[in-house]
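Residue numbering begins at 1 within each chain, and the chains themselves are lettered A, B and C in the order written.
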Amino acid sequence: MNSLAITARLQAAPVGRSDPILIALWIALVSVAVIWIAPFVFIIFTALKSNAEVMTTSAFAPPTDAALENFTGAWERGNFSTTLVNSVIITVIKVPLGLLISAMAAYALARMRLRSGKLLLLFVLFGAMIPFQVMLAPLFTLVNAFGLIDTYVGIILPYLAFGVPYQVFILHGFFRTVPKELSEAALIDGASHITVFSRIFLPMSLPVLAALLILDFVATWNEFAMALVLLQDRHMWTLPLGLMSFQGQFSNDYGQLNAAIVMTVLPAVLVYLIFQRYFVSGLMSGAVKG
Amino acid sequence: MVLRSNSLHAYRTEALVLLAPAFAIYTVFAIWPMIEVVILSFQRWNGLSADRAWAGLQNYRHIFTADPVYWMAFRNTVLWTIMSVIFPPVVGLLLALGLNQKLFGRGSLRAIYYLPVIIAPIAVATMWRWMYDPFFGLFNQVLTNLGLQAWIADWLGDRSIALYSMFVAYTWQHVGFSMVLFLAGLQGVEYSLVEAARIDGANRWQVFRHVTLPALQVTITIVIVLSTISSLKAFDIIYGMTGGGPAQSTQMLALWAFTQSMQIFDFGRGSAISVTLLAITLAIVVPYLRWTQKREAASE
Amino acid sequence: MNTGQFVLGAAASLALLSGTAGAEDLTVWTLNYSSNAQVNALKASEAEFEATHPGVNLEIVMRGTDEHKTALRVAAGSDTGPDIYFMWAGLGLGGEYVKAGLSRDLTEYYEKYGWDDRVSVPSLAFVESFGAGKHGMPYRFTGEAIYYNKTLFEQAGITAEPTTYDELVAAAEKLKEAGIAPITFGGTVNWHVMRLMDVLLETKCGPDTHDVLMEMRADWSTTPCATEAFTELDMWARNYILSPFMGIDQKQSASLFFLGRAAMMLEGDWHVNPINENADIANFGLFPFPTGADRLYGFAEYLYISSKTDKADLAAEYLDMFTTTAFQDQIKGAFGALSVNKEVKLGDDALDLHKEWITIFDAADGTFVNGDQAFPLDVTTEYFRIINEVASGNMDPQAAADAMQQFIGNRA
């Protein structure tokens, strides 16, 4: 639907300055975009079809009448009311908290003269590169040793730990570009570093923080492997775990399975569409300065 | 004097207050497990009993010589990494070059290409698993409609193509990421240089080859390293699509380590597998960190 | 014994303490059943138990097969987990947990409630097998056999249910010639194709040799029937299994069976209800896989009380309620043909296939369990891999037997 509308709009408009290569390029890009978006169309169509219709009609045939009961059915069997709430709770606590502690550390590393500052930065940067997937088992034993399996705290702490490196890295890069004069005046007036951080740097870095917030939201919202290991009780499951379990149990109920996919994916897609420019600018700031 | 030492003390306290939360959590929940995985790899432990017996190199000997799946997982991991470093970045670069032109609707196009990046990998796995369904899925239906029955395949069940089928889904998800990084890099290409080259009579390819590409060098390195790292992390998508099957033919090191530890409950062998993956990662990360440091030192 | 009593006392006092705290939670972890009848039966037990135990909140957590195995094993290593858990009773699954100390000795409850007299003898087979005392309460005893689509059999000109292995192969050949896929399996869940291997081993090796192979006391590579069984598996996969099958799971395979895309399916007695819910059940028949021996292919499922629970008495009350004649009578047929309670008989209104199952149970002499219940976890993982290699035509039978033996040899 979306792609069709875009295609229509694009065709109506004059392209470039009628450079034939640009036109060819534009057609190629639109074709690729159609392919890119086709899976979504297929998933949404399937989600709106009854099982019998799925097995008899062709893939891109629009559903005859929208089988909305797939959504209510999947909502219930997939325990979405629980998994959605868990995902929201974990994300809402983890993301801002993670940004705050990362910003604090990044400020100290960037603006305070510390003897081991360089070493600390390297130490953090190292973590950004190491896949946590290799440590799922020790992570489990560790969280278990604290008695935190199946708790919000037990999942949020590791999430924080693995979010810190990238965020510190980006924010450190940003804080270093802030002109000295801004903070020095305040420091000479006797303000503490904590004041300077919270009164000057934090407000100033709002755009970067917003970008990081969005990126971290998506990462936390989508995280699967750690949740798989640390959240065993289905009351604690997040959306990705719920979806996986749904696939395991109802793989032959194609309509509901696809409705479950749509419901799992939708929140992240909405956030993306609303805050699109932050995604790109956030990634770019990381890349350019990285 | 007193005042000074006091203020030094306050300075340290402040630094501590600012650094402690992040570093404490990071050390306990990210660094310690990494040390622990190394320790575990030299032990025998089933996850249940209280005692962890030291086993020396026994776990390593087992995975290298007696584990029928390890080398398959190793091979797949390497193959996957090589493919991840080539395909998504190349497609991403092409798209970025295209979108860097002043084209109508490029904002929407960029949004579409980037959309899969923000979807949970496990949802991507579920989506594609359904599309690959041999009986009712998208691919075989489309092929049937096109009269290409001969091309119909058991995309995830045929060991000769299952890994590549998964990689197509992975590419679909990751191209947008490389694309955005390259778009960012292209912002850094001086337009005046391009103009100058054009005026000097260079064609598009020559401009790309001699102006754009050199200017993108830093971005290319970043994209390659990030692609490598994210490919080593490939876990969700394999767990969700094939679970390593058929017959462990799409098994990878990260998932095989998880299987050994968390499903067979042989923490020792699982950790030994993790350590080998860790070693591969370090072999890529350490030189990269050195390179970053040198760059930073040069720019200062 | 002393420590046991101490723990018991502590558990009892803890139960008392938590009892005073108001609402009490009792958690049961079990499988997610595909049949509504089964889910409803579990829900009925929840309602019934809560009605007779005011202030108790019974919670039944259902998971997919593989997930349940993982979750329970993880819980075993941690301080969390259920009060009651479901597990297959064989050595490889239920037995492992008993050995690991996760299961509570239920001797006192067996005595208190007289479960020994209530429950059928074959289903009690594993209660005392793996640890001191009595472990687990049988809640289901199942068999697996071949379901077939009568219309498709007729179309292929098959007039009688096969009674020998050769007749079965001949029937499959007739189906194939008639353009009908003879049998369906889902390859992504490894345990489904394994069922075929299990019955082929029983067919080719006979009960005694089959048992020593599964106990890993015989050499797979030099026991000819092991290779022969792999040869037959290869033959079935090549010729008779609805293809492609490695890329679908058991649920999808069942859907195809209901749709009439394949003529046979090797399933448990629990499959009667899904057939009834998804297809015209009159069109389906049933016969035991003709292994040539009289043993039933099947297994017992137990509900165990966790050794970690502080509500053992309450948990035992649930197990007791679940297996009473009154309740089993209420849910009969939901979990399969046979109730673990000796007193409960199928009514006249029972489905024909359920009645047929009773005949199969009665005719059986002993049982053999599924491979994944017989082997320890690591061997099961390898067994799955080898079966899949053979089934996808990637490993020849002798190599498969050798690989199996090599893995077993490496464990020692």
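The criterion applied here is as follows: contacts are C-beta pairs under 8 Å (C-beta built on N, C-alpha and C of every residue); 3 or more make two chains touch, one makes a residue touch a chain.
Keep in mind the model is a prediction, meaning the values are calculated, not measured.
Chain pair with the highest count of contacting C-beta pairs: A-B. The chain with its CA mean position farthest from that of subunit A is C.
Put simply, the C-alpha centre of subunit A and that of subunit B have 15 angstrom between them.
Centre-to-centre spacing of subunit A and subunit C amounts to 40 Å, using the average Cα coordinate of each chain.
Counting partner chains per residue, subunit C shows two or more touched chains at residues 74, 77, 252. Under the contact definition stated at the top, the residues of subunit B that touch 2 or more other chains are 47, 133, 262. Taken residue by residue, subunit A touches two or more other chains at 55, 140-141, 229, whereas all remaining positions touch fewer.
Taken together, the subunit C residues at the contact with subunit A in this complex read 32, 34, 61, 63-67, 71, 74-75, 77-81, 249, 251-252, 254-255, 259. Residue ranges of subunit B in contact with subunit A, taken from their complex: 10-11, 14-15, 17-19, 21-23, 25-26, 28-34, 36-37, 40, 47, 95, 98-99, 101-106, 108-116, 118-123, 126-131, 133, 136-138, 141-142, 145, 172, 177, 180-181, 183-185, 187-188, 204, 219, 222, 229, 232-233, 235-236, 239-240, 254, 257-258, 261-262, 267, 270-271, 274-275, 277-278, 281, 285, 288-289, 292-293.
Taken together, the subunit C residues at the contact with subunit B in this complex read 69-70, 73-74, 76-77, 100-102, 187-188, 190, 243-248, 252, 256, 261, 377-378, 381-382, 384-386, 388-389, 392, 394, 403, 406-407, 410. Residues of subunit A that touch subunit C in their complex: 55, 140-141, 144, 147, 149-150, 229, 232-234, 245, 248-252. On subunit A, the positions that touch subunit B within their shared complex are 3, 6, 9-10, 13-16, 21-22, 25-26, 28-30, 32-33, 36-37, 39-40, 42-43, 46, 54-55, 58-59, 101-102, 104-105, 107-109, 112, 114, 120, 122, 124-127, 129-142, 157-158, 160-162, 164-165, 168, 192-194, 197, 218, 221-222, 224-225, 228-229, 239-240, 243-244, 247, 254, 257-258, 260-261, 264-265, 268-269, 271-273, 276, 279-280, 283-284, 287-288, 290.
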